[in-house]
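There are two complexes below, and they share subunit A, which is joined by subunit B in the first and by subunit C in the second.
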Partner chain A sequence: MKELKASMAGTVLNVLVAEGESVTPGQALIMLESMKMEIPVEAEVAGTVEKIHVETGSFVNEEETLVTFAE
Partner chain B sequence: MKKILIANRGEIARRIIRTCNRLGIETVAIHSEADGDLPYVSEATEAVLIGPNPVVQSYLQADKIIEVAKTHNAEAIHPGYGLLSENANFARKVAEAGLVFIGPSADIIEKMGDKLESRQTMAKAGVPVVPGTVDGVASIEEAIEEANKIGYPLMLKASAGGGGIGMVRCDNEQALSQQFASVKNRAKAYFGDDVVYLEKFIADSRHIEVQIFGDNHGNIVHLFERNCSVQRRNQKVIEESPSPDLPEEVRQRLCDAAVKAARAVDYTNAGTVEFIVDANNEFYFLEMNTRLQVEHPVTEEVTGYDLVEWQLDVATGKTLPAQESIQSTGHSIEYRIYAEDPKTFFPSPGLLQTVEWGEGARIETGYEQGNTVTPFYDPMISKVIITGTDRADALQKSQNFFNQTNIIGVKTNLPLFREFIGSTQFVSGAYATSVLPKWMDKTKEEQKS
Partner chain C sequence: MTKTTETTGYNERLEQKLATIFAGGQPKYHEKMKESNKLFVRDRLKLLFDDENYVEDGRFANVEAGDLPADGVVTAIGKVNGQTVCVMANDSTVKAGSWGFRTVEKIIRIQETAEKMQVPMLYLVDSAGARITDQLDMFPNRRGAGRIFHNQVRMSGMVPQVCLLFGPSAAGGAYIPAFCDIVIMVEGNASMYLGSPRMAEKVIGEKVTLEEMGGARMHCTVSGVGDVLVATEEEAISEARRYLQNFPANFAVKPEKIEAKAAKAGRTLEAIIPENQNAPFDMYELIDQLVDEGSFFDIKKLFAAELITGIARIDGQVVGILANQPKVKGGVLFGDSADKGAKFINLCDAFSIPLLFLADVPGFMIGTKVERAGIIRHGAKFIAAMSSATVPKISVIVRKAYGAGLYAMAGPAFEPDVCIALPTAQIAVMGPEAAVNAVYSNKIEAIEDPKERIKYVQEKHREYKEEIDIYKLASELIIDEIVAPHQLRDVLSQRLSFYESKELPLPYRKHAITPV
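Entry: the complex of A and B
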């Protein structure tokens, strides 16, 4: 299964997609915030969002799974 | 002065406490929930929990901080840098509460915080400013008309902007048309003021600033310059004094211009006048920072003075030493250690499992081994200041220091320093603000091939 992982540790500022939505490469799906810096986490490949594992305000560690895509 | 409150956190709070301890002044520290275990909290005479982790609920709670200062019988408030340090309303409220604000008056902070007004003030005083519009440009039509007079590339800037936010480079009319509305909207959203103006873009420029001080008796002195051109994301990474590759005659004119700038606003306490210096050593006023700078230690190292002590002296009405008595000897370099990925610059919070510093450096750090770097504040964890008899000596000591230094638990920019400080670009001393991004691009390409 394809996954989108956190590029840094921080707080989820915004979830920019919904489950079931199809995404394109480079599309920002989750906005993370850490140490006064906002970092968008972008889809690497096209796919359909199966599950979003975080919500606005959640704290995530680096490499933690944020979104999984349907095969 | 017997007791002061420090309205800040981390390394700068600790730095201020150290001077206060030496002078027999008691300190009141404030801290958020996350910062309770940091060294500065236990090192202060007293410490007060000010609020939850986000800065708006803790370190930016102006009224609450002033209340704490009063109930703890502090006579003055030191704002450090960042946070409330350049907030004119805070400075005004502190004074109205009958306390001393350790910094310039609220009126000066206000005047210098407005970029257009500070440009106008400096131009009037005969300090060279970057060519650009005198007033704001209200419409896109006006912007295009003015841009044709100035010439491209140029910078579109928000008058109320700062910290690299609210400015964008425009290479042609098309870019200006595209960016105009967005910069205006951003300025409104971030700073509550949508006045924007145009400035010529100065290519291959260096960022060189001058430390100045003013007292309440009309004396203004400078403590020479700092070159802060090694930057990432428009934020400083390495600063040094004296500036390499700057003719003595230009240095003198630069320092004189900074004193003139300070005199134009009857400046008091510590301040920094920032200049852009182009490849031909022509310089232009950029902005004035009305507080102690992060990089003040390099000036302390080459002059031998304690600038926090000077701030306290000025705040208590003492007179500054004469300009002729202030000398600069040797060479000092500051490296900012950030908890971040050295390649992407993404923040890296976490537990500092191991912190082993090398020898021969002055370390200003807000954290010790065993502390946690939380995601709520700035990624800067420490400053390393290395001083030598000359630049070559300081660079040699820096190499040794970084080879011996090790931090485990969070990612840091230590690997970047190890490589970059040996690069021909940095060692030559002839570098502009693009030096670090250019060097990184080049290194990346070399690794690919």
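Entry: the complex of A and C
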């Protein structure tokens, strides 16, 4: 299963995508806030968002799954 | 008459031997190479050298064995970009490119030649490793394989050492790339590992593919042992040639200036840099506006991408660039980025390539994960490398430079030749939000009315920003110059040419105890 993982530990500032939406490589799907910086987490490959595992304000650790894509 | 016939006989024998040597291993192995889009070693050399005018030593190694042409390695002297270089190139059609006694001796000799001539040494690696049947002759002795690595360490920083990895570089052989300045890997074919997947399964019970264990992409993105990931062998060779254009033959010579080119057409720096210190932007777009078009050679592009390291030209003058990438992990420095920065600085400093730091850095990462991984010693490594570099060092504060981030990016205390600020620069121990929280948290919490609290915090932010105003720092001589962003390229070009004569004596001692 294809997943989008957090590039670093931080707090979810914004969820920029909805479940069922299709995404393109390089598209920012989640905006994290860490070290006072806004950090876009971008899709590596094209796909359809199946599930979003976080919401605004969630704390995430590095490598934690943020979004799962449909097969 | 008799004499002439004899001579013809001699020549025939020579030609026969040469034909066997030039043919390499058995046809079935050549077929296998073709199937995996690999070139025969002699075709690789044709692409690498400026022309086919190169000389080879030890060509007849193991010729008596019959099936071991050149003993599986070609060692040659030729020209790359008009510059003499020495090369060792494994032939994987001969016993999978494994190293026998003569293979190792030939590699050692070509290294010695490169050292004596003070010219770059290139390693074209495609080898299964030690020829176990020959081990006593090639492994532990004074001129065994270990001597190759010993020579590499000795020659490091003396002459450029470049590794092109076309196939496996297994077990001890994996140290050839590790001791080179740069490793170019062909995706799908190149690999490095101490123990193969088969061995890992037998010895530690791990089941893993070759790609996961030591593939080119893994090494160029995760481990950082690889520097440049390419799709084909042709690309690997052209990238090696492009890389070497930036380097002198050895440490005692300065790199040459080449013909200047304009920067790529694009948005101005004013348009690229967001006003909001916390917003991401793409530092590559900014670099494009500073360097001659097409000159940027990215090193470790896919590894620790929060720090960009690459060699480029500004008005034809060579420069090594370290730039924080706000778009990746906020440009925060991690252990891997520190390793990447330290090695890059050492590389440029060894070969007289001036350093340009483009700082936009919130600092080093914090938290238990990085502390346990030793972020302090990793950061110290980066700072030590930057601090010991004696080439011209130009520090440009693009936006923020907080905490030890300022140190790593050649802040004023580390003797940069100049510390330039753009009007957007902000130098501080930490950013306004964090600082106000740290200093006034008790007071802020004590204010009950939320409106009053916000007002108080905003007031403190304003005071803090005034305190660290860039004109105040310039007035105090903390920074040396404030430059309009659209003028930065010209200012850098001017300064690089002025600093050309910089000579800094090294401190009197044997060597530093570098943090690792």
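Operating definition for what follows: the second predicted complex is superposed on the first by the 71 of 71 C-alpha atoms of A that agree within 3 Å, B and C clash if a C-alpha of one lies under 4 Å from a C-alpha of the other, contacts with A are read in each partner's own complex, and residues count from 1 in each chain.
In this section, a residue touches a chain if its C-beta (ideal position, glycine included) is under 8 Å from a C-beta of that chain, and two chains touch if they have at least 3 such contacts.
Small disclaimer: the values here were computed from a predicted structure and weren't measured.
Asker: In the overlay, answer first, second, both or neither for which of subunit B and subunit C A:8 touches.
Answerer: both
Asker: Given the touch rule stated above, what does A:17 touch, subunit B (first), subunit C (second), both, or neither?
Answerer: So A:17 meets neither subunit B nor subunit C here.
Asker: In the superposed arrangement, does A:36 touch subunit B (first), subunit C (second), both or neither?
Answerer: both
Asker: Could you give the residue numbers on subunit A that contact subunit B in one complex and subunit C in the other?
Answerer: The answer is residues 7-9, 34-37, 39, 62 of subunit A.
Asker: Quick one: which bits of subunit A touch subunit B in the complex? Just the residue numbers, please.
Answerer: Touching subunit B from subunit A are residues 7-11, 33-37, 39, 59, 62.
Asker: For the complex, give me every residue of subunit A touching subunit C.
Answerer: On the subunit A side, the touching residues are 7-9, 34-40, 61-62.
Asker: Once bound in the complex, which stretches of subunit C touch subunit A?
Answerer: Touch list, subunit C to subunit A: 278-280, 326-332, 334, 362-363, 365-367, 369, 431, 433-434.
Asker: Quick one: which bits of subunit B touch subunit A in the complex? Just the residue numbers, please.
Answerer: Going through subunit B, the ones touching subunit A are 339-341, 344, 346-350, 375-379.
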